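Here come two complexes built around chain A, the first alongside chain B, the second alongside chain C.
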Partner chain A sequence: MKQVLGDRKTIAILLGPALLVYTLVILVPVVWSFGYTFFKGNALEGFEFNGINNFTRLFTDPDVQAALGFTVKYALLLTILQVVFGYGLALLYTFVLKKSSAIIRTLVFFPVVVPTVAIALLYQKLFQSAPKDGLVNELLVNVGLGSVDWLGSGTTAFIVIVIMDVWRSMGFYGVLLYTGLLDIPEDIIESARIDGARGFSLFKNIVLPMSLPILYSSIIFSINGTIKVFDSVFALTGGGPGNETTPLTLYMYRTAFAFSDYGYGSTIALVLSIMCLIVTALIFRGARRDNTI
Partner chain B sequence: MTVTNVDNLDRTSALVKHDVGGRTPAPIRFLKRIPVLIVIGVLLVIEIYPLFWMFINSLKSNTDFLNNPSWALPEVWEWGNYVSAWLTGNLATTITNSLIATVPSLALIVILGVAGGFALEVMVFKGRGGILLLILAGIMIPVQMILLPLFTIFFNLNITGSLLPLIIIYTGHGLPLTIFMMATYFRAIPREVFEAATIDGSSMLRSFWYIGFPMVRNAVITVGLVQFFLIWNDLLIAITFASNRSLNTIQAGLLNFSGEYGATDYGPLFAAICITTGGILILYLFLNQQIMKGLTAGSVKG
Partner chain C sequence: MTTAPRSRRLRRPVVAALAAVGIGTMILSGCAAGGSSSEPTKLTYLKNTENTNTEPVFNELAENQCKTENTALPLEVSSIPQADLDSQIQLLASQNALPVMFAAAGTPAEGAKLDKAGKLLNFETELEKLGVLDDIEPAAISTIKNLYGGNFNFLPFQFNIEGIFYNKTMFAERGLEEPQTYDELVDVASQFEADGITPFTASGEQGWPITRLISSYLFRDLGPDALQKVADGDAKLTDPEYVAAAQAIADLGAAGYFDDNIASLDIDSSYNELLTGKAAMMYMGTWFLESANDPEKNTVGVDNIGFMPFPAVEGGAGSIDQYPANVGLPQTFGADTYTPKVADWLKCITENYGQVSLEQSGAISGFKSKEPVTDLPALTVDVQDRIAGSTESVLWFEALFNAKAGQDSSKNASLLVTGQLSPEDFMKLLQTDLDAG
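Our next item is the complex of A and B:
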């Protein structure tokens, strides 16, 4: 039996092609990209050795600090909002709507699958201020507030990005946490009810503690996705005004393709990878505590 | 890492049995429901109305859009906007490009990924754990880390003028998550099944094809849907490797269209967004349960 299950030829046929593609497309480029961090130049004009200049530049570059700041600010805020709203939805599905929640779940989930570019362009129009107010400004004007040039300043543009991304991912976290809530054993809730726990005390003493593992994984998933944010920012603001809404990913993209500096671009990509590595380490730490991941 | 078991998405909530229905009279029960109804109403308006708003604006002429409130219905229903979006937006080309990039990569991902997951989970060999760990690492690597070397390689191979780079990258980038998800699905099948088949004289390749593959058919659909959305909605790889106008995928094409005409041709821009969204909506209407299940199971991708 061992011999059949361990047959080398079969393993090579089944795993070989996948491993080959994976190695060529992911592993080799990762090492290669790390090598680029010591060079300057690009694919079209060639490369020259640059020592550790890319790294010294990294630590003094105000643009990197700004981009890193944006990424962290965005990731933290969005993670909190996604998980809080998602948890609210999950509680609504599980305890209020109960069996009739299927249709609501399906509707609220829909924006998750709509292409990011389409959503970003829609939000540009919703928050438009010139030549004509979009829906949001029309509402503000109607309740007596002035219209705002939403995408014209860094702070308000940041707000629009956050609103947009919460809007489109809320349904996703709703369903993710909902499935977690369904896994709470029925008899625990039942016995708590028999002991007289109702409403908020049932939530605080039973439901919340029991859903901590899935909340933890949701938070990690969310951070993992949000520190890589690119599409929504690129399509909505293009990083602007100026570079006020530029995350690391976009700064890396600009450095490489607008300023043709692959070496420095790779250095920024390395920073990003290290951030992802830290988050992944957290996932593994969480996995030991909890078998849902 | 993931695998929040979402198989029971439709299981009637077990937590609900204690509904005290019956005891309270009907009108009071209705009053109690009002806050809930308001919450649901607000929720649906927030999530769905913007999509409807986009649709009504896709049917307005420019003067109509500029002079009337944006929530008003169109004065004249300009279905011609869809025609001009289709023609000026090059939608036929971009949709074809997206299909050319998506279909082969999806097929490759599924075939290679299912076989790889099977080998890693069912077969027994030294270094299995190491390979699995290596593949897990691939899930977390940001695309930015592989972008520049790949660009150099494809540039030197002289294939940057085709959609081949997209197919190659999508395949390689989709594999880790697929292998990982498939491995967890194969873990659920008792190994005895394959052992019995072996005793009956089946080779492992045969067992894979005639027993393993059919047993995870539903999982294959789930995994395929996850990868479909990741590839179809990708922007970063598409704008890097298919920046040439004639190679634009649907996302890149839409962005370019908006850049060139978006500030003046409102109706056609809205129409182009509607067309992009509409195709996905149709898919979602048929497969929403499976899509929700798949995307949350693949959530490690964020």
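Our next item is the complex of A and C:
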């Protein structure tokens, strides 16, 4: 094997096609997009050089600030909730349901494979307030509370997005963390039990420390996914009401394709890329430090 | 001795890499949209989902009057939501992959861009060649030229004026007359509200039915050039007299004169509120005639819906006779896909659309009808008379806005009438968009 991988020709044959596709599909558009940041215009009308105006506009554009705020708020909250709920499910599968967890796991995982648009339509109907109340408002009215226009205000629309996305994704994190918990050797847990560890102390002293690596992976998965949120918000609220649930990705898309400004759209894309880079760097730095302990 | 094998070794990967680049390029060019260069095999028509007027007329044309043209080039209709239309058209245009016929331009500025880029057919030239230019109402051509960059580049499948549709019985039961001033309109609304009837229904999900009220107030208060002044930079939306218009409409919301949960109400549900007797009034364009004249949708009775202009603002510079006029969300033909078979279709449409549209649903278009259509619903006749009698028209709120201001206006209107956004902030948001260009 060492001989095979030591041969440059083999390396070129094995890596070449993937590298070529990666270059054409990822690197070229990224560099191209970076070039656009110094221009104003679109494919239809043509482009004109715009200097660093797109970058200075970033700092004065209230929509960018609002979208950035929403993205950070959403990414942090959803990462916490996805991982916490996923971890809760994993503990439930491992220590409560044990071998009979297969059906529950399948059911909770099911929303992961359903298309986002279908889930968004389902939640639109669930939280509908006009012309007729949906199921949630019916329940509220039946217990004596008033109907709420869930998607009609930024705060409540944000709550619906979070509920939907946690419901949609916690099954995935449940399974991911479950596989991590399965890796904890049974004899260590058994020994801890013999030493008197029960319930919370068993969790705190044995299960949690031993599942930290997989928790780290889950956080990386989650934050990288949530910072780039687009489809669920686009399908559920379209970024509204107003721009109150508009993440950076959606603002970028609208700026480039609806407002016909590829240059400024690319500049917002650059901000997103830098955000992702920072998050990735922080996580890898944290993970490296953890390994040295 | 050693250089020859090395160069051979090097040459092979280079050749392989070049071959791979070649294949990659071919694959990518295969992915790229061609579209325009090849002759269309179907009359592809991309429209906005919200437009329910044109498809039934086209289907009838395809089955009857334009059967020959449809056999040669079959009609194929597809729809996407209006909110995504501009971006979709923009993408297709940049890839030279526009459909043969399509709806475009949520704002006239976007339509003018397409025209400037040479993507649209010049109907003045082509219809003249086909000998059917006279089948279009001159007023409709003039409206299109005024709105979309000076050329006759969109077709008037609708020719609308806008105003307030209302439930005649509800007015009569309370002894109410059509309000002539804005204050009277608010008084009327308060009476309906007191009786537990929604005074105004409007789709907050769409937003523009609310912003139309702001522009109507502005035109009545400041005169028909109120928004032209903003476009020319002679006035700003943040000026007190402009904010006053947004305040007036926000006050309607604060008084509870709109539907409950208005932010989530879609346009069809809004129509339904008026047509099932749950609401007393609705500001809308006359494309609504199609629904108002449909007994299945209109359960309060086809003769029970009336139409009135937006009332005057006392002391204002505008007149109650100035109706907002438009051709709906405009539809057009692509310049690159215009072939003789498409020309046959265009000729047939121009000759027959007006007649079929009037006969089928009483909807008024900018196409002349070949023969007088009798037995039209009273509401349609009333609107036809108003169009004929109107000497001056005005635009709508977003007509002269750029795409971002247009979208922000519609998306934030429901926040304005639900008290989540102040009139000052609403107008400031839009003025910022306009200033950004």
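Keep this in mind: the second predicted complex is superposed on the first by the 266 of 293 C-alpha atoms of A that agree within 3 Å, B and C clash if a C-alpha of one lies under 4 Å from a C-alpha of the other, contacts with A are read in each partner's own complex, and residues count from 1 in each chain.
One rule holds for everything that comes next: a residue touches a chain if its C-beta (ideal position, glycine included) is under 8 Å from a C-beta of that chain, and two chains touch if they have at least 3 such contacts.
Because the structure is predicted, anything quoted here is derived from the model rather than measured.
Engineer: Quick one: classify A:Asn54 as touching chain B (first), chain C (second), both or neither.
Structural biologist: Once the two structures are laid over each other on A, A:Asn54 reaches no partner at all.
Engineer: Should A:Val21 be classified as contacting the first partner (chain B), the second (chain C), both, or neither?
Structural biologist: It touches chain B and chain C both.
Engineer: Using the superposition on chain A described above, determine whether A:Ala43 touches chain B (first), chain C (second), both, or neither.
Structural biologist: So A:Ala43 meets both chain B and chain C here.
Engineer: In the overlay, answer first, second, both or neither for which of chain B and chain C A:Ala118 touches.
Structural biologist: Only chain B is touched by A:Ala118; chain C is not.
Engineer: In the superposed arrangement, which partner chain does A:Ser211 touch: chain B (first), chain C (second), both, or neither?
Structural biologist: neither
Engineer: Based on the superposed arrangement, let me know which partner A:Ala258 touches: chain B (first), chain C (second), both, or neither?
Structural biologist: Second partner only, chain C.
Engineer: Could you tell me if A:Gly240 is touching chain B, chain C, both of them or neither one (first, second, both, neither)?
Structural biologist: The answer is second: A:Gly240 touches chain C but not chain B.
Engineer: Pick one for A:Gln82: touches chain B only (first), chain C only (second), both, or neither.
Structural biologist: Neither chain B nor chain C is touched by A:Gln82.
Engineer: More residues of chain A are touched by which chain, chain B or chain C?
Structural biologist: Comparing touch counts on chain A for chain B and chain C gives B.
Engineer: Please work out whether A:Gly154 is in contact with chain B alone, chain C alone, both, or neither, and reply first, second, both or neither.
Structural biologist: A:Gly154 sits against chain C, while chain B stays out of touch.
Engineer: Between chain B and chain C, which residues of chain A are contacted by each of them?
Structural biologist: After superposing on chain A, chain A residues 8, 13, 17, 21, 24, 43-44, 131, 253, 257 contact both chain B and chain C.
Engineer: For a test of understanding, state which residues of chain B touch chain A in their complex under the given definition.
Structural biologist: Chain B reaches chain A through residues 1-6, 8-19, 36, 39-40, 43-44, 46-48, 50-51, 53-54, 57, 65-66, 69-71, 108, 112-113, 115-116, 118-120, 122-125, 131, 134-138, 140-153, 155-156, 168-169, 171-173, 175-176, 179, 191, 194-195, 198, 203-205, 208, 229, 232-236, 240, 250-251, 254-255, 258, 262, 266, 269-270, 273, 276-277, 280-281, 283-284, 288-289, 291-292, 295-296, 299-302.
Engineer: Inside the complex, what are the residues of chain C that reach chain A?
Structural biologist: 9, 12-13, 16-17, 20-21, 24, 28, 83, 86-87, 90-91, 93-94, 110, 113-114, 116-117, 119, 204, 259-266, 269, 272-273, 402-404, 407-408, 411-412, 414-415, 418, 420-421, 432, 436
Engineer: Using the touch definition up top, name the residues of chain A that touch chain C in the complex.
Structural biologist: 8-9, 12-13, 16-17, 20-21, 24, 42-45, 57, 62, 128-131, 147, 149-154, 238-244, 253-255, 257-260
Engineer: Give every residue of chain A touching chain B within the complex, in rising order.
Structural biologist: Touch list, chain A to chain B: 1-2, 4-8, 10-11, 13-15, 17-19, 21-22, 24-30, 32-33, 36, 43-44, 89, 92, 94-99, 101-102, 104-118, 121-122, 124-126, 131-135, 138, 167, 170-172, 175-176, 179-184, 186, 189-190, 193, 214, 217, 221-222, 224-226, 228, 230-231, 234-235, 249, 252-253, 256-257, 262, 265-266, 268-270, 272-273, 276-277, 279-280, 283-284, 287, 292-293.
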